[in-house]
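In the two complexes below, subunit A is the common chain; its partner is subunit B in one and subunit C in the other.
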Partner chain A sequence: MNALIISAIMGVVMMFSGVLLRQRSAVLAVALSGLFVSIVLNIMEMYGFHLFKVNLNGMMHFDRFSLFFNTVAMGCTFIFLLLSAKEMEKVGLNYADYFALIFFILSGIILSSSFSSLLILFLGIEIISIPLYILTGSDKKNLKSNEASLKYFLLGAFSTGLMLMGITLIYGHSGSFAIDLVTTPETKPGILLIAGLLLLMFSMAFKVSAAPFHFWTPDVYDGAPTVFTSFMATIVKAAVFIAFIRLFYHAFGDIHETWKYLVAVITALTLFIGNITAVFQQSVKRMLAYSSIAQAGFMLMAILALNSVASEGILLYTTAYCLSTIGLFAILVKMKDYTFEGFNGFAKHQPLLAATAVIFLLSLAGIPLTAGFLAKFYMINAVITRGGFLWLVIFAVLMAAVSVYYYFRVIQAMYFKDGDAQLIEVSPAFKWAISLVAALVILLGVYPQLLFSWYYF
Partner chain B sequence: MISLLLILIPLLSGAAAFFLKQGNSARSWALASSFATVIVSLLGLTVLNKADLLQFKCDWLPGLGSSFSIRLDGMGQLLCLLTAISFPLIFITTWQRQYKNAHNFFALMLLSQAGLMGVFLAMDALLFYFFWELALIPVYFLCSIWGAERRIQATFKFFIYTFIGSLLMLVGLIYLQSQTPDRSFDIDSFYAIVLKGRTQHWLFWLMFVAFAIKIPVFPFHSWQPDTYEQSPTAVTMVLSGIMVKMGLFAILRWLLPVLPSASYAYGEKMIAMWAIAGMIYASLLAWRQDDLKRLIAYSSIAHLGLMVVAIFSESEIGIQGVMVQMFNHGINIIGLWVIVEILERKYGTRKLSELGGLAQKAPVMAMLFVIVVLANIALPLTNAFVGEFMMFTGIFTSPISEYEMITVPAAGFTIILGAIYMLRMVQKVIYGNTNALTETGTDIGLNEKLVLGTIVILIIVAGVYPQPFLDLTKDTTNLILNEANINPLTTK
Partner chain C sequence: MGITQILFWILSVMALFSALMVITSKNPMHSVIWLIIVFFAISGHYLLLNAQFLAIVNIIVYAGAIMVLFLYVLMLMDLKKETEPAKNRWLKVAGAMAGGSLLLVLVAALRKVDIENGIAETRTGDIGLIENLGTALFTEYVVPFEISSILFLSAMVGAVVIGKKE
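After this line comes the complex of A and B, so read on.
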């Protein structure tokens, strides 16, 4: 609750800061300190400190899982701002507004990770989506950005419609918006419940870009300014996943049998389409868009498994995925040429940045000693613990092997090919920050207890 | 403590080597580190050979049922010794080679040594998997950066191949862990698993593919000749001398005892046949090769095939033979690569057709070369003879084999083929007339004499007095067979 209120207030503050503060560095400083305060307050809430006493009427529930994820999401946003805030200046003139939108998205993230009523879920997802439409189109002079924004808006509105319809049907079934009351172990799934479940599943699948609802993703991610692609492909996607798993765990966990095959098929399809299409990309940015679909396939395995390993796993997975992808995008955004060839000879010019990029790529590919490996390990473990679906697990690891192909193409370009990779100026502070992120990725891969000791505070 | 040092020395010195800016200092640093590892390894074999010094255990990932548990047992001692000895030999042999960014080269070499040590020491399945990959990643970079012309494709093929295998193995390991009584990755829990027939069967394939790719067993071998050819020779030595042993080792430690009835069901009837087919195929190909690296690569497939057959004979002497032979083969093949490295550096070619007449120009090298080659074709008094003799005896006297009348003659036939292609190689390289290229040849220098001399001494000592090796491997062999034999004996 602390963080929700602070970030909503910060959103408003940031809107005015653009008018009041002349210097952009001051705007950034305000944003960073506001974010820092809300992280600290959120951590304090984990230990039982409440800044505000609000009667939520059971609409929201801040449990360990959601508080922990909020910390992760805000922490990743903090890292994102540290690494990429400079690039946001180049997008357009409304520098402060972008921060405001990001803070609004953060409050949406907190809503959708802590909901216990379907209404709050809807509110959360919408508060995330609407600022994202704006951010996608923020490069106003760029036709691709405009197209992406419009496409995202239209399709997003459509999926929101689906979600509302689903919520309505569920309400018709259970007579309540509370997610815990939707099903009980004795529930016999009727037509209303099944239809509502399917609609909710499809709209969530749309938001996390699971196949076959992924068509918007490559174009939107490609069209949006790269800084914001980084934000929406990582933190936002992770948050929607948390909402997805929370919804299905509480609302539909008791009728797992009825929908598990459908989720398994969606998972397999997402893995297949994401990985296979990523192989054929020529631009690293587009490759990362498809890779985000592929990674979503792995995260969907948590929704299939829906046990305690899965909830630990999804927290680790989102953290690992966010850190690695944010790091990679932070480097990509500094490149002059986004194609694979643009990375040729990168290691020679920027050995440190190349080494960190390798760590991020290895983590995304799921190589041991990086956080990405343990994340995938948790997902596989979760499904095996649940029992059944071994075909899916084996299919998933084969697809992970495919993903090595396109991630390693970047490594090959950077290290083994000669070329003249062009880079916009980078500051020493940026190098320090990105090395820290890379160190974090390795640390989580060797000793994930570091993360989970927070989870089991 | 000894076991921990064996991992830590190369790991930390490798990480430190990244920061040594000068190539020469990195080289000396790597050599010093590898000597330290040899000393620790020898101490572990002799003076400090006490159970509590050889093992180390601490908490690592309690939530996942995994701990950082390492122990040196007999088989591990032997392979760690091989890993420890190989690296100084490799560094001295390639002393004169100039690598660009040498500090990175040596750092990655040491890191791969750490990974290899970890594989041989790990007593926890997840830890084992970690090290299995840790050994692979540095090698990927080593081959891709410092390799020959087609290095990128060849290494990538190698990487994808082994990575697919590893991932399947990972699924297998996780499944096995879910079947242990205490949900732990510890090796003792794994040995306590009792699984129904069908489950064992598909698990066996998940794990075996990973090991078969690494060894490589025919038909999973197609990455190997390309990779050996394209890698810098120092890395080829690591790959063929030590890394391929990971596969055999893993079968012995993680497959045979854990999934005994599936190993029995497929081992002799199917995999041994593949291995035999691969041996004949590889031997014939080796015969027709012109490139020395490819020739040795194919010969390696043939030699390792025999070890695979012997493993699945599941007899005490056969498995002991495999362990001894893993060490010996490592030494011998590194000996061959040393020769290749010398030839390539001196004459700039690896083609048999372009060499010849070196016996006159480089008599010392020729003599040592011939001894190494004779060891490779398992002549009595050399180390490989002991190993191959034991393996053949094992296959013959195995309690479970049914097809020994096929496998033994076929394997024997490849030994003859081995003699043919190896002697053909000797003949083309050192006999005949000198040509324009070899006319100016000189004999080898002191450091190469030192390396080849060490190898030859190891060959002869292990060939004449193999008893210490047998004592060392006895316990591990019995343990493996105890775990493995429960089901086969009842099923037969």
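After this line comes the complex of A and C, so read on.
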């Protein structure tokens, strides 16, 4: 609750800072300090400190899992701002307003990670989505950005409509918005419950870009300004996954038998389409868009498994995925040419940045000693613990092998091809920051207990 | 005949007459204005049934927002009185089928209604009163109510960001 209030207030503060502060570095400083305060207050809430006494009427429940994820999400946003805030200046003139929108999105993320009422879920998802439509279209002079924004808005509004319809049907079934009251172990799934479940599943699958609801993803991620793609493909997607798993664990966990095959099929389809299409891409940005679909396939396995291994695993997976993708995008946004050829000879010009990029790519591909490997391991372990889906596990491992191909194409271009990779100027501070992120990825890969021991104590 | 019944008959005649005028008037602009009168008449019926909130929302949303949108579209399209486009024969068939289906559904739904005993409960029941709605909004649902302000604020910031001249 602390972080929710602070980030909502910070959104308003950022709006005014655009008028009151002339210098852009001052705006960034305000944003970073506000974010820092809300991270600290959120960590203090994990140990029982509450800034305000709010009677939530059971609409929200801030448990260990959601508070921990909020810390991860805000920490990743902090890293994202450190690495890429410079590039946000180039998008348009409303520098401070972009920060305001990002803070609003953060409050949406906090809502959707800690809801226990379907009303709050709806509000959270909408507070995440609406600023994202704006950020997607913030590069107003660029036709591709306009197109992406309109597409995202129309399809997003449509999927929100599906979600509302689903919530209505669930309300018709259980007579309450509380997610804990939707089903009990004795529930016989009726037509209202099943229809509501399907609609909610489809709209959530749309928001996390799971196949066959993924068609908006490549265009939107490709058309949006690259800094904002980095934000929406990582932190936002992770938050929606947390909402997805929370919804299905609390509301539909008791009727797991009725929907598990459908989720398994969606998972397999997402893995297949994401990985196979990513192979054929020529632009690294578009490849990363498809790779985010493929990674969503792995995260869907947590929803299929829905046990304690899965909830640990999804925390590790979102952390690992956010860190590596944010790092990779931070390098990509500095490149002049986004195609694979643009990376030719990158290692000769920028050995340090190339080395960090390799670490991020290895983590995304799931090579041991990086955080991505253990994250994938936890996901597969969760499904095996649940039992019954060995075919999916084998298929997922095969698809992870396919993903190595397109991630390694970037490494190959950087190290083994001659070329003149054009890069806009990078500061030493950027290099320090990105090395730190790469070190974090390695640290989590070698010693993941660091994350979990904090989670449990 | 009490005042409620007199009002009911006046509102019903008004609603039916305006509804007929919506589909018979040649000028689309007149149709839209007749439709607004239909909405007002129906809102009057809601008021008779003690559903204040529904009545107000019906006027605000339908008569206020949607009909103004209709009017704007008609003005922008600049439809003249006599330039009604010739209707396709298939379009007519499709329209008749859609209307017929609706009639079927209505007849099926209302077939077993007991008209003799089913008297409308005017001035009873308090579920539609604004007072109760306000109480629910500011006690049980106060958290989502306040949070929705973030949603509207972010939408407004977005509108400014998109709309501002650069």
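One rule holds in what follows: the second predicted complex is superposed on the first by the 457 of 457 C-alpha atoms of A that agree within 3 Å, B and C clash if a C-alpha of one lies under 4 Å from a C-alpha of the other, contacts with A are read in each partner's own complex, and residues count from 1 in each chain.
Assume a contact is a pair of C-beta atoms (placed from the backbone, for glycine too) under 8 Å apart; a residue touches a chain by one contact, two chains touch by 3 or more.
Values in this document were obtained by computation on a predicted structure and should not be read as measured data.
Just from the overlay, do subunit B and subunit C fit on subunit A, or is there a clash?
fit
When the two structures are overlaid on chain A, which partner does A:W391 contact: first (subunit B), second (subunit C), both, or neither?
Neither partner.
Once the structures are superposed on A, label A:D97 by its partner contacts, choosing first (subunit B), second (subunit C), both or neither.
Second partner only, subunit C.
Which partner chains sit in contact with A:Q412 here, subunit B, subunit C, both or neither? Use first/second/both/neither.
first
Considering only C-alpha centres, what angle arises at subunit A between the directions to subunit B and subunit C, nearest 10 degrees?
Computed from the C-alpha centres, it is 150 degrees.
Classify the contacts of A:G11 with the two partner chains as first (subunit B alone), second (subunit C alone), both, or neither.
Second partner only, subunit C.
Would you check which partner chain A:V54 touches, where first means subunit B only, second means subunit C only, and both and neither mean what they say?
second
Contact-wise, after the overlay, does A:L369 reach subunit B, subunit C, both or neither (first, second, both, neither)?
In the superposition, A:L369 touches subunit B alone.
In Å, how small is the closest CA gap from subunit B to subunit C once the two complexes are overlaid?
38
Could you pull out which subunit C residues touch subunit A in their complex?
Result: residues 140-144, 147-148, 150-151, 153-155, 157-158, 160-162, 164, 166 of subunit C touch subunit A.
Okay, in this complex, where on subunit B does subunit A touch?
Going through subunit B, the ones touching subunit A are 60-64, 129-130, 133-134, 137, 141, 144-145, 151-152, 156, 159-160, 163-164, 167-168, 170-171, 174-175, 177-178, 206.
Using the touch rule from the top, collect the residues of subunit A that touch subunit C in their complex.
Its residues touching subunit C are 8, 11-12, 15, 54, 56-57, 59-60, 92-94, 97-98, 100-101, 104, 107-108, 111, 117, 119-120, 123, 126-127, 130-131, 133-134, 137-138, 140-141.
Spell out the residues on subunit A that touch subunit B in their complex, using ranges where they run on.
The touching residues are 312, 362, 367-369, 373, 377, 380-381, 384-385, 390, 393-394, 397-398, 400-401, 404-405, 408, 412, 415-417, 447-449, 452.
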